[in-house]
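Everything below concerns the one structure shown next.
Chains: A, B, C and D, in written order; residue numbering restarts at 1 for each.
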Amino acid sequence: MRYETKITARYAETDQMGIIHHSVYAVWYEAARTEFIKISGITYSQLEAKGIMLPLTELGCKYLLPVHYEDEVTIETRITRISFAKVTFGYRVLLNGNVMNEGFTSHGFVDSKTFKPLNIKKVFPEFYEKLKSIRED
Amino acid sequence: MRYETKITARYAETDQMGIIHHSVYAVWYEAARTEFIKISGITYSQLEAKGIMLPLTELGCKYLLPVHYEDEVTIETRITRISFAKVTFGYRVLLNGNVMNEGFTSHGFVDSKTFKPLNIKKVFPEFYEKLKSIRED
Amino acid sequence: MRYETKITARYAETDQMGIIHHSVYAVWYEAARTEFIKISGITYSQLEAKGIMLPLTELGCKYLLPVHYEDEVTIETRITRISFAKVTFGYRVLLNGNVMNEGFTSHGFVDSKTFKPLNIKKVFPEFYEKLKSIRED
Amino acid sequence: MRYETKITARYAETDQMGIIHHSVYAVWYEAARTEFIKISGITYSQLEAKGIMLPLTELGCKYLLPVHYEDEVTIETRITRISFAKVTFGYRVLLNGNVMNEGFTSHGFVDSKTFKPLNIKKVFPEFYEKLKSIRED
């Protein structure tokens, strides 16, 4: 399953090159991921309340075309890999039919108090099954 | 007492006007405040570990001259007011003898678990006395 | 006239206090202002293309209640003052009927090449008249 | 050649997990890159003034250990690849002898007006030769 999030580029997100600063895409991915996770029927806030966090283990990002202030981009999010320990999301930033940027983030499932890895299938099986069911290469 | 912190303007902090974005000054004030608080002999991290937080209640900021990428500014910080409930810091951002920006932040002393106001003189008298002793209009 | 913009608080906008960082409100004000200016029939991007910029001269911000990750706030924007040289916007951040934060930004009208003040009534009278007509104390 | 930059983690850079937000590392890489480029005898600001920009084409980042507020990290920067069209920088974020994070950024050399690729060896041969001479796998 692919999920689409609309984001309007903010002025604060531009840099003196006149384009959206490269560090911003990770923030947009996250906003898109937040909406995507809601599809599972649980918000990320609720997940944290349950003592589960998903810190990043890896980020990759390709900058294909520059995005500008006030551009209304679409972030397309999907889950590309899921295991008991880790989940990987893929993203594409689209504008007028063009792919402006694409990337991925990998996340470990960890205990929010100890920051130690946890087995998501054991700790929260419904969430694991839901994510697995919407996975798409 | 006035304390000086050096900061080099980052590229990510610029916007498409080619100047440092106005939201960044609050972040620089905070970096300067972190160093300033250390003078009291306790770091802000230790303060939080003691269950005390200083969330902002008010921010004021005047933009006098634009700051640019790679400019090495000096942030001059001082405490202008201190009570059992609240502390106010004043800031000036200097470059080559010019005041580029000036502002203030007010903070309440609160309990880090309940977010309720606390009396800093009761909870941590040494810290209160130290801040009071370095206050300067 | 008052204009309402919806914003969902991002994870990247939180800090270790577990609340939205105080520097973020200036960014939200700006996103709200961008939408508000569009009402005048011209986007801020078009304004910059015409050689007009509105850098901040002053910012004021009061933090009344903390906003959290995934909160969907409403930013209410209005113009409180307008002259040939300057415009002031007022903002209120609302959540569930509560005012979480309120503030203002003042902006000078300047030439985008020289950064020198310009008389907006002379340079772009329709824009000036439009802003004036929607002003509200 | 490897170059070391010291950075103190800012409060604004934390998130509600209590760690430095993952989008911040790209900003730290950039601050380190700015200092590294200065070694070549030319600042990045001067490079832009000459009509040359280095927008990112790719970013990769591995999060090995969490960094916290007030941590004083060292960013180790080097050039891993250089061609007429592109340069790649490698980074390691170190704290107390541990590698907390590592990554790379690739940049195209482009004309600052047209954003079109340019041949750095033709346009600014001394800069190209300097970067090449300090390259290290």
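Basically, a contact is a pair of C-beta atoms (placed from the backbone, for glycine too) under 8 Å apart; a residue touches a chain by one contact, two chains touch by 3 or more.
These figures come from a predicted structure and were not determined experimentally.
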### Message
If you average the CA coordinates per chain, which chain's centre is most distant from that of chain D?
### Response
C
## Note on the structure
Contact tally winner between A-D and B-D is A-D
### Task
Measure off the straight-line distance from the CA centroid of chain B to the CA centroid of chain D, and report it in whole Å.
28
### Query
In whole angstrom, what separates the CA-based centres of chain A and chain B?
33
### Query
Rounded to the nearest whole Å, what is the centre-to-centre distance of chain A and chain D, using the mean of the C-alpha atoms as each centre?
24
### Task
Could you tell me which residues belong to chain A and also touch two or more other chains?
11-12, 16-17, 19, 23, 26-27, 30, 69
## Note on the structure
Seen from chain D, its contact residues with chain A in the complex are 16-17, 19, 22-24, 26-27, 30, 48, 53, 55-63, 66, 105, 112, 115
### Residue numbers on chain D that touch chain B, as the complex places them
8, 10-12, 26-27, 30-31, 34, 43-45, 68-70
### Task
Would you mind writing out the residues of chain B in touch with chain A in their complex?
11-12, 14-19, 21, 23, 69
